[in-house]
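First chain written, first letter: the chains are A, B, C and D, and each begins at residue 1.
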Amino acid sequence: MNIYSCFDLNTADNFCQRLIKLSRKYADFRKALTDTRLHEIICLYIYSLETFTLDVQTLQDMARQIRLDDLKTVYRAKAGHIGGEMSAIDILTTLYFHTLNIDPTQPNKPTRDRFILSKGHTACALYTTLAHRGFIELDELSTFLQPHSRLNGHPNRNKVPGVETNTGALGHGLPIGIGMAKAAQLSGEGWRVFVLCGDGELQEGSNWEAAMAAAHFKLDNLTLIVDHNRLQQGARVHDTNALAPIADKFAAFGWATTAVDGHDIAQLREAFDKRSATAGQPTCIVANTFKGQGISFMQDKVEWHHKVPNKEQYEQAVEELQAAM
Amino acid sequence: MITDFDTLHDCRDAFVSTLENLASENNQIVAVCNDSVGSSKLGGFRDKWPERLVNVGIAEQNMVGVGAGLANGGKIPFVCAASCFLTGRALEQIKADVAYTHANVKLCGISSGMAYGELGPTHHSIEDFAWTRVLPGITIVAPADPSETKGAVEFAANHDGPVFLRLSRVGVPNIFDSNHRFVAGKANTIRPGQDLTIIANGTLTHRAFQAAELLAKQGIEARVINMATLSPIDIDTIVSAATETGAIVTCEEHSVHGGLGSAIAEVVVQQCPVPMKILGVPGVFAPTGSANYLLDEFGMSATGISEAAHQLFYNKGKKRIA
Amino acid sequence: MITDFDTLHDCRDAFVSTLENLASENNQIVAVCNDSVGSSKLGGFRDKWPERLVNVGIAEQNMVGVGAGLANGGKIPFVCAASCFLTGRALEQIKADVAYTHANVKLCGISSGMAYGELGPTHHSIEDFAWTRVLPGITIVAPADPSETKGAVEFAANHDGPVFLRLSRVGVPNIFDSNHRFVAGKANTIRPGQDLTIIANGTLTHRAFQAAELLAKQGIEARVINMATLSPIDIDTIVSAATETGAIVTCEEHSVHGGLGSAIAEVVVQQCPVPMKILGVPGVFAPTGSANYLLDEFGMSATGISEAAHQLFYNKGKKRIA
Amino acid sequence: MNIYSCFDLNTADNFCQRLIKLSRKYADFRKALTDTRLHEIICLYIYSLETFTLDVQTLQDMARQIRLDDLKTVYRAKAGHIGGEMSAIDILTTLYFHTLNIDPTQPNKPTRDRFILSKGHTACALYTTLAHRGFIELDELSTFLQPHSRLNGHPNRNKVPGVETNTGALGHGLPIGIGMAKAAQLSGEGWRVFVLCGDGELQEGSNWEAAMAAAHFKLDNLTLIVDHNRLQQGARVHDTNALAPIADKFAAFGWATTAVDGHDIAQLREAFDKRSATAGQPTCIVANTFKGQGISFMQDKVEWHHKVPNKEQYEQAVEELQAAM
């Protein structure tokens, strides 16, 4: 089913952009379209997402919507890791709505780009992103952490489409990402691999085993994004086991490195677009972020690693996020 | 022995209060952790002795190695981390640096079993009995209530050699009174009975006791044994239970493979073969749910245990159990 | 079934020749190792397909993670390393990335058991059955001879899901003929007998067979079962053995805790309680010595096994075994 | 028993130096003394080793003797890891006969310096050094790898005096060293901790967990010596998983670093003498070495990682080592 051949790409682009602008909620939009049975348009829209570029404003709106839905989900479930979710959502949005070559209708398409949420404790942010991107229904978010729900506290590949590997124990993502990138290299395929890890997570030695191997294998199809929010579970990273400057360490291990504002989608988009900063080298993007980003009283506060807002806090947070939209 | 089933206790509280008491008397006691000050409830310890809390960050292999080195330097390290990461991520360090070196390290597996419930199988520690039990020289203790936790921590501090304390955060009622004396390697019969025996430890002991009360109403008198020490296992108590009651049900917040039931089965087949039923997580990665929800699901509610026991009771003496 | 006890084979040869045959037909097959090209005998593989040998260096956690990633990318990785390091150092990766993710990774534990003999307990892998058996979804196979090794490797390549092949380098005689068909999960009775059963796998199968021949001279007809697949275990064969012969001796190059004997005991107590004797490494770190020396020392020479069986034979039907 | 108080230190120094020069074999000397029951002199000699400095020539002779005995032991046992033993012996000799504050009569003295052979596969070199240093009898080397011998293929603390921790699995030493150094810090004690690891061994992530922590804890009583022979088990380190430049990586992890010729005892002595190159920082000494050093046909050859010499090779090696003495 080659949809492109029967459609003017420019028209499709404009059309989709307009639709997104109108609804601002991809999944609602998708649902609305389903209800009127316009399957072709849905397909087309999904394909177009792989081909066309959403503008920064649209991506920002999407990120705000994902923050809001993440917040709602955590509040409803009375559990989650909201601090690290808020710090990662701009990165996730950019990846899923701009960078990744993926198709929600074919989550296991062999040539897809791969994304690994190595900081698996922020699963709720991933689920919310996957829902907005059409991998699962938005409605399903309400089952988060409920008995027998697919939406466990950490992502499960065998249950949730779009999840590539089961994470939750820190320091597992990068080695797996190396295997995925190596598989592309061996197969002569062009897919890219993105791993998102926490900064505290880099204290795990498994990452450094992987860092060495990635450089040795010249995996320039591999990008590690470090969510550098300078907080871990119990304290500042700096006070626990200092890691900064992170880029220097990866440079010493043979990686190309860049630093970006991890909440500036334009910067993220540009950084992710490059296959590698230097040919033959894996890339480490240090994304400078804030835990709790977008919600004033959570921002940069260690206790919001996995605290759950009470009613007043929840209402204030919703208000702040909505005001920004 | 259990009088109040409704007041539940988080045994981490007994763990840290005992540890702090011991540490105030013996300044060789130190705590080691992996960014787990909160989940191990070590905040009080840190406030009292900031320099004696060695937080290595999220690095479990290093954590256990550091523990072994501290022991070599004369310290008594309590290495505290979520049991899943402590045992799974640092198992070779536990084998070589702690067990084989016979280092005086106290491994404290916090939130063992399915205490992390909805966080899922990466955070469940239902393999730790199997993983540690096969290593020589580690005393493994899974206390069932606050009083036994206190005793186990005191034992660990005074014992010269490796100890693995398997702790939970799931609420349990008081089982023992506060002057209960914990003896490592010695199981406690917490309810007499001759019709069959239920053996449990950790969070399952009170459920086993409740099951026995249900069975009593059906005319079956179940002996209930709390087998806190998994290794070295109390062979005599198992043999008496098997020969005197003729059937054993085991319950554990662990896989049915390789844990408490398995350890008891090894003794039973070699010393006094009788029918057994091993209750636990039945060889699957658990679905989403809280620990208590999942224990019920897996047939370990008081009713579930009593039903398994009831069935086993009618299989006593049979050669082939359906 | 064994005709020539003197010509001994290193099963790594059958392992790599089968792997190379499969790899020449299916270019998705890759090998992953930890600086272990020599000890895994992967030199030939490397020479044929240098790019398909992914040597990550001395980094077992990364090795298993890379295996999982390669599987995600459509490859069929055979991850080869000394069994002690593969399982001990990377157990959390085996749990989360392979078993729980259900990645199509073939874990090949080379030189398992005490094959590294004098290199000592850090290199002995007498815990790997216990460590892996508790993880759901991994098919665990310990082949007993070259022909079964070939079958097990072919099975692993064709099976969609995690496999752990527990291999040795210690010489074994041919047990099966070359067209023997290996079926995962199905044990083989390699000698009929009604007086008792000896169950073994890996390097112990031929010793068990020899023990049975000694027993026959004493008038005891022992059934000998080769239970290559540890998980999922062949319940039917165990139940038949227990009910038909009334006693089971198990032998394994593994600790007596948590391994083959333990897995069989779990079935026996719950389905058909009969007396058992579990032979293995008796809960100690082994002293210096070669694998064969240590197996003899630990009572697993043909004579040692036959004596244990003899004793068990006279305990058949007893309630209390001394 | 304070031996120092009843003896003129200068006399003791000269005396011992002379004795060593005469016998060149410390253990033989020790044995001879035992035979004539001059126990006080033995004690004194041992104590003097803690206090006085052997000259470089004496240390070199000792290293050659240890090489010879290691070779003999491996040849007799028909097993060992001779390549990595030869590369480490100058380091071991300098540590045991110059640097370490240890006492063979009190191997568990609480305030002793600690040494960890993290590359435990070269146990035979350690046993030989411990024998020459008086921790075990030289005769016992003949039991290496024999059934029930204390001298296993990897060192066992519970059996062999002078061994601090059981090694054999790579990447375990540095974390343990950190614990030992931290214990000194907590106790306000001055003991130092030395860890010797292989270069290939640094591929293990556990080392990098430890590297981070050592810098964070400011363990300037900790020295890591990297036996940088550029070979691992199956190939060159460079071809397996490139690590070089090693010093840069440790520098990026917050360590003071220096490089020395690992076969130049004068350089090693000087490097080990410094408590730390920079106050408040752990030190990594990259010792540039050759696998098989001292035996021409083994030198820098990967196959001699654990090959055993045949008769001709053995005789040639003995000859070469003796000629150098």
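What we mean here is this: a residue touches a chain if its C-beta (ideal position, glycine included) is under 8 Å from a C-beta of that chain, and two chains touch if they have at least 3 such contacts.
Note that the structure is a prediction, hence the values are computed from the model and not measured.
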## Note on the structure
Chain centres computed over CA atoms; the one at greatest distance from chain B is chain D
### Summary
When centres are defined as mean Cα positions, the distance from chain C to chain D in whole Å is 38
### Query
Hey, how far is the Cα centre of chain B from the one of chain C, in Å?
30
### Task
Scan chain B for residues touching two or more other chains and write them down.
56-57, 59, 61-62, 84-85, 88-89, 92, 96, 100, 121-122
#### Entry: Of all residues in chain A, the ones touching two or more other chains
156, 166-169, 171, 203-206, 209-210, 212-213, 216, 240-241
### Task
Would you identify the shape of the chain contact graph, picking one of line, ring, star, complete or other?
complete
### chain A residues touching chain D - in the complex, by the definition given at the top
203-210, 212-213, 215-216, 240-243, 248-249, 251-254
## Note on the structure
In the complex, chain A touches chain C at residues 110, 114, 156-158, 164-169, 171-172, 174-184, 186-187, 191, 193, 205-206, 209-210, 212-213, 216-217
### Query
What part of chain B is in contact with chain A in the complex they form?
35-39, 55-59, 61-62, 84-85, 88-89, 116, 118-123, 287-290, 293
### Residues of chain B that touch chain D when the two form their complex
30, 51-52, 54, 56-57, 59, 61-75, 77, 92-93, 96-97, 100-103
## Note on the structure
Interface with chain B, chain A side, in the complex: residues 79, 120-121, 145-154, 156, 166-171, 200-201, 203-205, 232-235, 240-241
